[in-house]
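Going in written order, the chains are labelled A, B, C, D, E and F, and every chain counts its residues from 1.
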Amino acid sequence: MTLSERMYLPAIAQGLGITLKHFFKKKATINYPEETRQRSDVWRGLHVLKRDENGAERCTACGLCAVACPAEAITMTAGERKKGEEHLYREEKYAVTYEINMLRCIFCGLCEEACPKAAIFLQDDKLAPARYERDEFIYGKDRLVEPLKTTETK
Amino acid sequence: MATDNKTADTDQLQEFRDNRDLKLQDKKNENLTTLNLGPTHPATHGIFQNILQMDGEVIMDAVPTIGYIHRAFEKIAERRPFYQITPLTDRMNYCSSPINNMGYHMTVEKLLGITIPKRAQYIRVIMMELARISDHLICNSILGVDSGAFTGFLYVMQEREHIYDIYEEVCGARLTTNMGRIGGMERDLSPKALHLIGEFLKRFPKVWAEFEKMLTRNRIFIDRTVGVGAISAERALSYGFTGPNLRATGIDYDVRVMNPYSSYDDFEFEIPVGSKGDTYDRYLVRNEEVWQSLKIIEQAYKNLPEGSYHADAPHYYLPPKQEVYTSMEALIYHFKIVMGEIDAPKGEVYHSVEGGNGELGFYLVSDGGRTPYRLHFRRPCFIYYQAYTEMIVGGQLADAILTLSSLNVIAGELDA
Amino acid sequence: MAEAPEGYSGAGFFATSFEKVIGLARANSLWPLPFATSCCGIEFMATMGATYDISRFGSERPSFSPRQADILLVMGTIAKKMGPVVKQVYEQMAEPKWVVAVGACATSGGIFDTYSVLQGIDRVVPVDVYVPGCPPRPEQILDGLMRVQDLAKNESLRRRHSPEYQALLASYNIK
Amino acid sequence: MTESLFFFFASLTLLCAIMVVISKNPVYSVIFLILTFFSISAHYILLNAQFLAAVNIIVYAGAIMVLFLFVLMFINTGKNVESTLKKNVLAKIAGTVAGGLLFIVVVAALKDVALGHPDPATYDSQVGMVENLGKVLFTKYMLPFQLVAVLFLVSMVGAVMIGKRETGEQNF
Amino acid sequence: MELTNENVLGKLIAQFGEENIFDAYDPDGIMTFTTNRENIIALIQYLYDDKDLQVQFLTTMAGIHFPDHKGRELCMMYQLHSLRHNYRLRIKVFVPIADPVLPTLTNIYATANWMEREAYDFYGFIFTGHPNLIRILNIEEMEYHPMLKQYPLEDQTREDKIDTYFGR
Amino acid sequence: MDSVLLIYKGIYILAIFGISLLIATYSTYFERKIAAFIQDRVGPNRAGPMGLLQPLADAGKLFFKEEFIPAKANKGLFILGPGIAMLVAAMSSAVIPFGDTLIIGETSFDLIAIDVNIGILYIFGVVSLGVYGLMIGGWASNNKFSLLGAIRAASQNISYELAMGLSLIAVLMLSGSLSLKVIAEQQTGFNWNIWYQPLGFLIFLICAFAETNRTPFDLPESEAELIGGYHTEYSSMKLGMYLFAEYINIFVVSAVMSTLYFGAYNFPFMENLRNAFDDPVLGNNVVTIIGVAVMFAKIFAFIFFFMWVRWTLPRFRYDQLMKLGWNILIPLAILNILLTGGGILLYEHFTK
């Protein structure tokens, strides 16, 4: 240590100078509920089950996402499409139930990657919210499927 | 390395240890108090417990207990297809998950015999060095927090946010990155990511220099760290130290140089070494490594070669989505890969990378099946944490805490 | 004593009862006990950091002593070895206390469906708010905190003495 | 007013002093001892000796008793010693004898004491103030004062020596 | 002497004999061979002391369970590293699961302490001479050694799991 | 006349008590805000406008938190601890002159609660008792971390009291009085003691940090090592009292430092201002009122400094703290006394 370092004070004064400089600096804080930080386009947020351009569900219940999920958070049951449901489901098979346990989900994005139909998608603009009850985290089709784009909302 | 301070008095330490043994043997000695440090003590950032025998403020003995967040990585790995193990490695050393990801991928690539293109290798290097920076940054700033200087921590945490922004742009997550795939990266660096890296290279040196200015030559900090938790080079080797903690004792072992991987031999950088292996040396070595990492990133960023970001290995690397919809062959590969029906060749490989804390090794045994037969992680934290007792005995409680934070023990890596 | 916070904006505020005032006080002064075991703890550091700044909610004073803490933020994997410790910490906390399980591991075990990991801390302590994510973004952690604030604001002062609450604790074998 | 205060503080002093002796927990004893010092300081104030009062508190209550408490906390014994003492008949006899002797000495000393009555004409109420105290110390009692200072110095050096020897180094 | 796999192997066989150094092969650039538990400590000590080799760094130890290899179900892998020559080698020792006893390495490498405890915890290896052979990661009350292949991974207390669609 | 003064004293004491409580309460707010600003954050801003109600929220919460006495704790002492800490802290502001004299009508009101001629010794005595609160509380908690904190507090306070007292003696040599009021009056205008006693001030400042247990001397409660130190086991308002006591102590120490070294309520050109008024009473009152404001400004500056340092420096280790106190500060303080004595002698030699 040099003499000035031995004296404690110069280094302390330097430190105080740095902190004082920051005292007057612009603050880095983002006021979260009012402002949100910009997320990347590829951010892996809350899942959505996509519809195709005609509004039919893309999912064909092949089960690849469930297999790819390391957390085993996805369950589904497949069903055969009946006649007259072509506008609802794109393929001949569809998922009757489709559940993701958001508590187990680790948002790794492997399901999105595994999906051969580009049906499941992790949105960048939505996050899974905090809730009070454990049951509320089983996201069924009602909460996962993209809302239908009706003509009114266009 | 500047270590112009008083030398650690080994004779004195030895004398202390002899005295201690006498005191500890004397069970009737009522002056010793037992102090239970952890598992929820603020300084045990992860979770580990130490039962200390104290003589006043001086630690006479410590019995470490670990396993409080044992998660059975190695067992899980035996039940998962290769590509699903990447999310596990994220959670091992979560301060620098990309290094773990890449290390694992390289191990599997070694097993499968895939060579990946230069561009992907360079991207990996950038990401790994960013991860190293974020790892060292947390370690050194936490050292400040534990010694009472909280503010520097928040200054550098802001920079870590910027590193996370880059991660986010590359892979879509902040901490548990799940970055890269077997055979390359999952996507190329976007223009925005490149821009962010460029910005980071410009801004970070200033912040880091400021952080160093606040602590490095402050006498209070020097007094607190010099000679604290020192370990000799021989003992460190015997304890299997690697990484910054070994280099602080003066041994320049670095996997990036000894066994270069992912084109590390293309880059110019130095291995900083300390001399006494104490907390201050570890701090300085990490600080210097951050500068070296910056140097590496700069070189990789400037010389980023053109080319593909993944290997041409259709058996192992998922085909692009567009092809899956159109080409039957791609669809079949896609299904096979996702279902984990790709049989890996028989064999065993060991691959190690220089993780944030040292040699992070993956020992992979494959019996030709779809999952690893055995995947053993050489977790540097687990290996060097056992020296903790030896390092803190004879010091004070405050020393023990600084030693712990300067060792950068990551609970996820410790307990696996 | 806690005076009615004069000047607190909002019409009709002064009509609110004493309970509301205390609720507000509690909500704005939730001192967390960061029980950080793994990755989520690192994200909590980011939450404490300048960019997200948990102090805006009056919660930047981490009380590592359970006696002084108001919310137990369990962040990270809780192994079976750790379960009793969580419970003990919860027991040591003074009422009123809330528990937030942050992240996949604490809420449900996440990917670690293994012999050594507790499948959610609600097996050992009652959890008030679950925050999903692995790890959750700091925004989500703040979200969880705000949920606790909502709970605290609307909680009756007598809730902690109510038979329901006692029964809840008894079901977890606490005290 | 002064008189009643005096009686109040006198009885408080005695009470606290008795509590020091009969408290089972040594920490309580220390706290009562501190209270005793306080009430003695109150006596000083009644005598208009503010300096002495303050010094009494600073030195005894503020420093010496802190060290007492410090040591007690470190040793943290209390019960064991007490119980063994109580059972020992010899200790009881010794205590009785010693107490009786002390009592005799006190009686003997106080037997012929005549209470002084200050002459109001010459009595200086400011005698206890700092200035007067300082002047007296540095003029009339110069030699004793200096002797005490030297004694103090010697004991300090001694304390340092003892403190150093404990670490095992042979410095002298 | 330049350290090549042939050189080193030759040297070791010359020292310990063919019957004790066998099954040598090179799966990934790291020479791997098998020895038996009687010779493992002497072998590692020899590697440590030899002037030419100076293999003085224990990289890692890992147990492996092969339930199908009758009589040699458990394998202990020692990976060593000569930092001076940057030469790695891997030594395996097979023991039957009924008698999983190995000598301890803690007298040569301090780091072997916890590695051996981990191996005991995971596989049930018994290391004779180990100073403190107790479980390290799992709770002391655990009754089995979880990494053995016959034990399940899953936590049996999980309730929300539905096995349809999970091929595992 | 007498009764007027008595009533005035009563009101004044209450006011000072109230002000110190208020300042202590809002010190917590300022601490959080200043910490936030230093760290590029914004700090509490959701409880009331700019978070101004944050301290009230904290107080309200602490009041209604469960009172918890650990089973193994010594109950009586456990409660006594924070009580002593609070009482002692509140007592010490009695002898500080917050202003000069206000003249209303015929009566002049001293802006000081009790003007005793040993004011400084009083403060010293009272402050030295503060450590009992910490020690008793820490010991009674029956927790090893608390005990360690208590022991650290005791040894630290005793050690630094010595250096503090020695550094004070130099000031007393200059002023020749133990009364804070007299010391304040001597530093008229810009004639502050700091110009004569820079070294003494530095020592006093460092000791003040140590006596109030602030970083870099916050070992008794150092979070990273001892969790909460002596108050680990305390919850609810008993904890609140410890925190209060700490902030009141900061306030008092700041006031003492302003009085001893920075001219208390004196400010430059006050005599000119006083003479500018035709009415001497009005002039006196105006100067006094400005003086009070100046005094508080000085106090706040010191409080800010305390917090500023708190968020900048790492803390010492126990043995280093002792070494600093005994090996450096005490010799320095003695040197300072010698220098001051020599200076006074020289001055007298040349002026007489």
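Keep this in mind: contacts are C-beta pairs under 8 Å (C-beta built on N, C-alpha and C of every residue); 3 or more make two chains touch, one makes a residue touch a chain.
None of the values given here were measured: they were computed from a predicted structure.
Number of steps on the shortest path from subunit C to subunit E, with steps defined by chain touch: 1. Between the interfaces C-F and A-B, more contacting C-beta pairs are found at C-F. Annotation: 29 Å between the Cα-based centres of subunit D and subunit F. One inter-chain figure worth recording: subunit A and subunit F are separated by 52 Å, centre to centre, where each centre is the mean of the chain's CA atoms.
Remark: subunit A and subunit C have CA centroids separated by 23 Å (rounded to whole angstrom). Touching two or more other chains at once are residues 137-139, 146, 153, 160-161, 167 of subunit E. Within subunit A, contacts with two or more other chains are made by residues 12, 15, 18-19, 22, 27-29, 31, 67, 70, 72, 101, 104, 106-108. Chain contacts: subunit F has residues 35, 38-42, 45, 223, 227, 311-313 touching two or more partner chains. Interface of subunit C with subunit E (complex): residues 80-81, 108-109, 113-117, 119, 123.
Of all residues in subunit F, only 35, 38-41, 144-145, 148, 215-216, 218-219, 222-227, 311-320 touch subunit B in the complex they form. Residues 1-3, 5, 7-9, 21-22, 24-29, 49-50, 53, 55-58, 60-61, 63-65, 67-68, 70, 94-96, 157, 160 of subunit C are the ones that touch subunit F when the two sit in their complex. Residues of subunit C that touch subunit A in their complex: 50-53, 56, 100, 104, 107-111, 113, 120, 122, 127-134, 136-140, 142-144, 146-147, 151. Contact residues on subunit B toward subunit A in their complex (touch as defined above): 4-5, 80, 83-84, 86-88, 149, 151, 155, 158, 165, 168-169, 171-173, 176, 178, 186-187, 192, 210, 213-214, 217-220, 222, 318, 321, 324-325, 331, 334-335, 338-340.
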